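Listed next: structures, encoded as structure tokens.
Next come two complexes built around subunit A: one with subunit B, the other with subunit C.
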Partner chain A sequence: MSDVQKNTAPGGQSRKNRLLTFHILRYNPQDPDSKPHMQSYQVEEAEGMTLFLALTEIREHQDPTLQYDFVCRAGICGSCSMLINGRPGLACRTLTHNLDPDITLAPLPVFELIGDLSVNTGKWMRGMSERLETWVHTKEQELDLSKMEERMDPDLAESIYELDRCVECGSCVAACGTAQMRNDFVGAVGMNKIARFKLDSRDTRSDDDFYELVGDDTGVFGCMSLLGCQDVCPKELPLQTQIAFLRRKMISAGLKR
Partner chain B sequence: MKVIYTDVLVVGGGLAGLRMAIGAKRRGHDTIILSLVPPKRSHSAAAQGGMQASLGNVIKGQGDNEDIHFEDTVRGSDWGADQVVARMFVNTSPKAARELAAWGLPWSRVRKGDRQVIINSQKVTITERDEAQGLIAQRDFGGTKKWRTCYVSDGTGHAMLYTASDRAIAEGIDVHERCEALALIHDDNRCYGAIVRDLITGELRVYLAKATALATGGAGKVYRVTTNAVICEGIGHALALETGVAALGNMEAVQFHPTGIVPVGILVTEGCRGDGGLLRDIDGHRFMPDYEPEKKELASRDVVSRRMEEHIRKGKGIKSRFGEHLWLDITLLGRHHIEHNLREVKEICESFLGIDPAEKWIPVRPAHHYTMGGVRTHHTGESPHLKGLFAAGEAACWDMHGFNRLGGNSVAETVVAGMIVGEFISDFCDEKENDIDIPMKLAQEFYDREKGKLQSLLNSTGNESAFKINTEMQEIMTRSVGIFRNGEALGEGVKQLQALLERSRNIALTSKVPGVNPELVMAYRVQKMLKVALAIAYGALQRTESRGAHFREDFPHRNDKEWLKRTLSFWRGDSTTLPELQYEELDVMKMELPPGWRGYGAKDYIDHPDTAKRQAEVEEIRKQTEGQDRFAVQDKIMPFRDKLPASLRERNERIDEPLN
Partner chain C sequence: MSNDTLIIQAGLSDKPRKSKWPARLDLAQSASGLFLALFMWLHMFFVASICLGEDVMWTVTKFFEGYYFFGTAYPRLVSVVVGVVIVIFVTHALLAVRKFPISYKQYKTYHAHMKSMRHEDTTLWMWQVYTGFAMFFLASAHLYQMFVWPQEIGPYGSADRMWSDMLWPFYLVLLLCVEFHGGIGLYRLAVKWCWPNATRDFLKKLKWATTGFFLIIGFATLFAYMKLGYEHRANYGEPYVPTSISQSIEGTYK
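This part shows the complex of A and B:
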């Protein structure tokens, strides 16, 4: 690899830019006169254009009222999940050149709509965290911070991080059949968190405790195994395996009761 | 007028804000966090590579301790840091790392035995000690003598933010999401809270608090190409500045990160170079050793960024439609390493560049990255000018980074400052004398003022566009206040920003809806951002020397004789277009590490008249204390322990340094 690479900047050779047409579902629930409707915008495609760049251009040059959420614009904060041609995904890292020139955008279902493409995933996720107590439960004892940390197996740490990579973007919930039907379903995001804390040797909760949290139709037994969650997860988390594993554990915890 | 009362109001839900709030809540103070976005979306999540804490678990970190971390930090700062604060920081950082471990953070851990690493482009086998098995691991980073950067793969900030945020939920801390502070409520001496706008409904509310703490992060969006998130607009800086009472410190100290990907400026972590990645030019040549034979790719960020730009100026950049760039080569690290320890980097390369970094080189160029300057505070985090106003993290200047921050020291600072300032805020709230009579009249005045400002924006018949002014500001800053600066360009930039600030008073909106209104938000924010941009540009114009990240082509030397001082900027009155600058001397005679060569970068600098005297004094103390342990020696040179909250004064245990 010491030779000079024939690596070109993203996008490759220039050609005539496409004209993209965005069809965006508009609705402002704060405005009594607003009715849900589709609105179209045209944008000339540029090299390396993402939906973040395209939507910013629409807001700055065509329609300053357009609502959406971006924060990191690098695929790590989970703010910008929306329905892209009907499929949940992170808009910031979706390159327009991978899409047809007609692009339909809509807000994620299930979550409370703030306006246009902006939904309140934060409120939903906080509710889920409170309900599932998504933190390590440790023995009540004064922590002596001057002492060395407790040891952890390096492989275990890596396995926990694997599940900890979830960015709470809500894609899995939006793609979930059960979540469409019952609003108290914790979703793959919730079950993944339980699996994560169950794995964590620092957490003192037993299977019985986890059963209390997800051992019913709002948790593992509500899942219909459609697994849209796994298909759309932008972090490619092994949700299918985690849900199956958790369900098996919860069945045996339930039988012991 | 809706009024909400609390003991502590924390503005900002990133790591610093969360940790401060947890501290205050645990001490029994009612605490509310305001956050523009759900806290887990904060920019803290973007810290990839790791957090510096001198645990010394890995073999390449053996012998590391607070003393070495302290020296690295001060050298990195180019002697701009407050050394007492740097000492407080390095003593607390191991505690912060261990606290997070206890809270569930999945730190990457040491595996005993042999492993292959890349050092200076060579494959080397190192052997981790048996007794280190399962302890928190460290990787190499720029500007450090030891491997000190604790990490969680390359998602360190994300994992830390989730751990801290979940901890805050466990503690029952209220977070008012999608809420934005528009102004601090204050008189000439005391801060009483903030006027807050709900970004969903547009409602204005009054928050009254005994203590108000800004943890609003950086101001990257005043530049065009920045690694910062969309929300890092320096609004917290502006809130403090607009009081006309509180000051910002060292705003001209702006860090450019060597490896922003071209063209979008998204960061790839310093961990790439820490783990052995190389920088290459158009000929595929590894050029950093030519400039920095000792630290090579791992000199401090200000130095590496300047060397890269210098190399591009020599015609060694790769030309692309987006301008010139250089290559970051991590292919030599191997696919396994990249897929386990640099997976976010891999995802970013795949998503935004369409390349596999295990096969191809990454196009990079320095991009704006970090705001060293911030709300000037004491070591307690409290503003020396406005009682009851605190700040922590990137928004603050307490001042541990001086003119250049080391990689891994910012995410460490967030939690360390959160721990320390959280205690001092609690002490403040415990003091009877800091109780407040509810200042309803004042609150009403500020509420009316802010309401009036919003209304006049909505009613404006001016002819300026908020988005356009924002773009122009970013262009001016990028052009005139970048990596290489000079008096002429800075002078021009300041003038243009002043004109832009005046024009911003004529912004009109095309959309008049009062509730969610992205254009209205841009309008009031850009008026604030321009003041922050002016503090940066004007500070840079006045500082006629080069120090750390502030590099003046017309004054290329660090000048300790004239400029060993901190810039303070104040904004006096609504009609002005320039900050008022004052300077605060740094006292060489109190420094533990008197100014000298950093160990990388330029070797010529102009000494302060006290430097030799202090150097002799320090050496004399070392001679007198010979044979005593390092803590006793340090205490004689520059005592700091009593400055820390009592709960954080203890020493730190290590494999090689057991506690007695």
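This part shows the complex of A and C:
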């Protein structure tokens, strides 16, 4: 903590803040002349500064061309996930005072790059959702909109909500060694979704139906249990437990065939 | 050409029903790995019997050759066990190689990811790939030797193999590969199938402690065989005669 100084020292005298150096991987895929390169910026640290605030500082006062994503600035939307010193994390939830003054930022791998730190996680997530059919499946002929919806046990609702906290930031996919090597791997986000709908009492799908979606090496059997997902998830979802649970269920569904 | 082959050829094998094979293969990979890792633990205790003396190791050897059941030693019984291990080993290798990086691009991508993440479990997986790859050759050579010449297992036979046959560097590398690969593998099985994240730190410590324990025993055993082999180098090839028998032979001549 020695080099982290407070804005105001005892006695009212202001002290010098740390000078942060950001090394940012820059590349614009739209520009044929652009080549991936590192660019450095210096920012004076402020109290309670997050990476998101530092990036805003750079864009507003030093370089308006710098691209990065944000919406909520509070760890809810999952837009600002990036590689922070090589590991995925949310820029808005990372305080600069927890980092060394030299900070390296890069875009998430696996996802389509829009430019600099901005990636199109939405496109990937949509593809995953369509492929895994991540919505409640009911028997349409039995659906009666005038009827009251069946009650759900509060404990069950709570456990579904626990898994529904996923913000689809893509950190788990970017932290996954399997997803790096194999583009068609559904990743922890996908398996967490399946685990979530498997819990849901309104969803009429059986284990056999879920096996059709994740019962192969692009699904749960492709997971090599490297657990990067578990260790970087900004929402601290129980991914390891969910994947193990799904694996056991899919093994028994597969063996019964 | 069978209908099934044609369906696979047309890329329609996943339609309309997914195959049951991915489930079977995944389970078989874990099960064969579990068997091999546990077998290697027992194996270590048997070979380490040399640390307790030549007679103890001789007794262990004769036990597995059925001497205490049939009154005669049948080294072929060891070959049967080795044969079973070979089948499981090859099965495991075949299943595990599916996970290897199969192109330079995949290898480079994973390696860069590993360096960038600085994440122990991600790095340990690469070690499993390296050690697993080495064992395709090392373990095969060892298993073949044990299958064909089981009668050569014994205090002097094994010691001569280490020293006079110059196989100690081979066994040194094989020891490191087995202990790292098996230890990491067992840890991964635990987190893959059942134990929750709360136990992970404990499991990781347990993994390193077990690896350390077996490496210490392994080095001590290797050294014991090398020392015995060195002392026995002038009588290379001579089988071991246990103290009890050699004393009784001496007794008859008195």
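Here are a few things to note about the model shown:
Please note the rule applied: the second predicted complex is superposed on the first by the 233 of 257 C-alpha atoms of A that agree within 3 Å, B and C clash if a C-alpha of one lies under 4 Å from a C-alpha of the other, contacts with A are read in each partner's own complex, and residues count from 1 in each chain.
Methods note: a contact is a pair of C-beta atoms (placed from the backbone, for glycine too) under 8 Å apart; a residue touches a chain by one contact, two chains touch by 3 or more.
Here the structure is a predicted model, which means the values were calculated and not measured.
In the overlay built on the shared chain, the residue A:I84 is in contact with neither subunit B nor subunit C. Using the contact criterion defined above for the overlaid structures, shared-chain residue A:M125 touches subunit B, although it does not reach subunit C. Using the contact criterion defined above for the overlaid structures, shared-chain residue A:E212 touches subunit C, although it does not reach subunit B. Applying the stated contact rule after C-alpha superposition, one finds that A:T65 touches subunit B and leaves subunit C untouched. Of the two partner chains, subunit C is the only one touched by A:G177; subunit B is not. Shared-chain residue A:L99: touches no atom of subunit B or subunit C. In the superposition on chain A, A:A244 makes contact with subunit C only, while subunit B stays out of contact range. Once chain A of one complex is fitted onto chain A of the other, the partner contacts of A:L25 are absent, as it touches neither subunit B nor subunit C. When subunit B and subunit C are set side by side, the one touching more residues of subunit A is B.
Once both structures are placed on chain A, no subunit A residue is touched by subunit B and, in the other complex, by subunit C.
The residues of subunit A lying in touch with subunit C in their complex are 83, 86-87, 109, 175, 177, 180-181, 211-212, 215-217, 221, 223-228, 230-231, 238, 240-241, 244, 247-248, 250-251, 253-255, 257. Against subunit A, in their complex, subunit B makes its touches with residues 37-38, 40-43, 45-46, 55, 95, 97-99, 101-104, 106-111, 133-137, 152-153, 155, 158-159, 162, 166-167, 169-170, 175, 177-178, 200-202, 229-231, 262-264, 266-267, 282-284, 318, 320-322, 325, 327, 329, 331-332, 340, 344, 347-348, 351-355, 360-361, 363, 467, 471, 509-511, 513, 515-519, 522, 648, 650-655, 659. Contact residues of subunit A toward subunit B in the complex are 1-5, 7-11, 14, 28, 30-31, 47-48, 50, 59-61, 64-67, 69-79, 93, 95, 114-115, 118, 120-123, 125-126, 129-130, 133-136, 138, 143, 145-154, 157-158, 160-161, 164-165, 167-168, 197, 200, 202-203. Residue ranges on subunit C touching subunit A, taken from their complex, read 14, 17-20, 22-27, 98-99, 101, 106, 109-110, 113-119, 121-122, 125, 188, 191-194, 196-197, 200.
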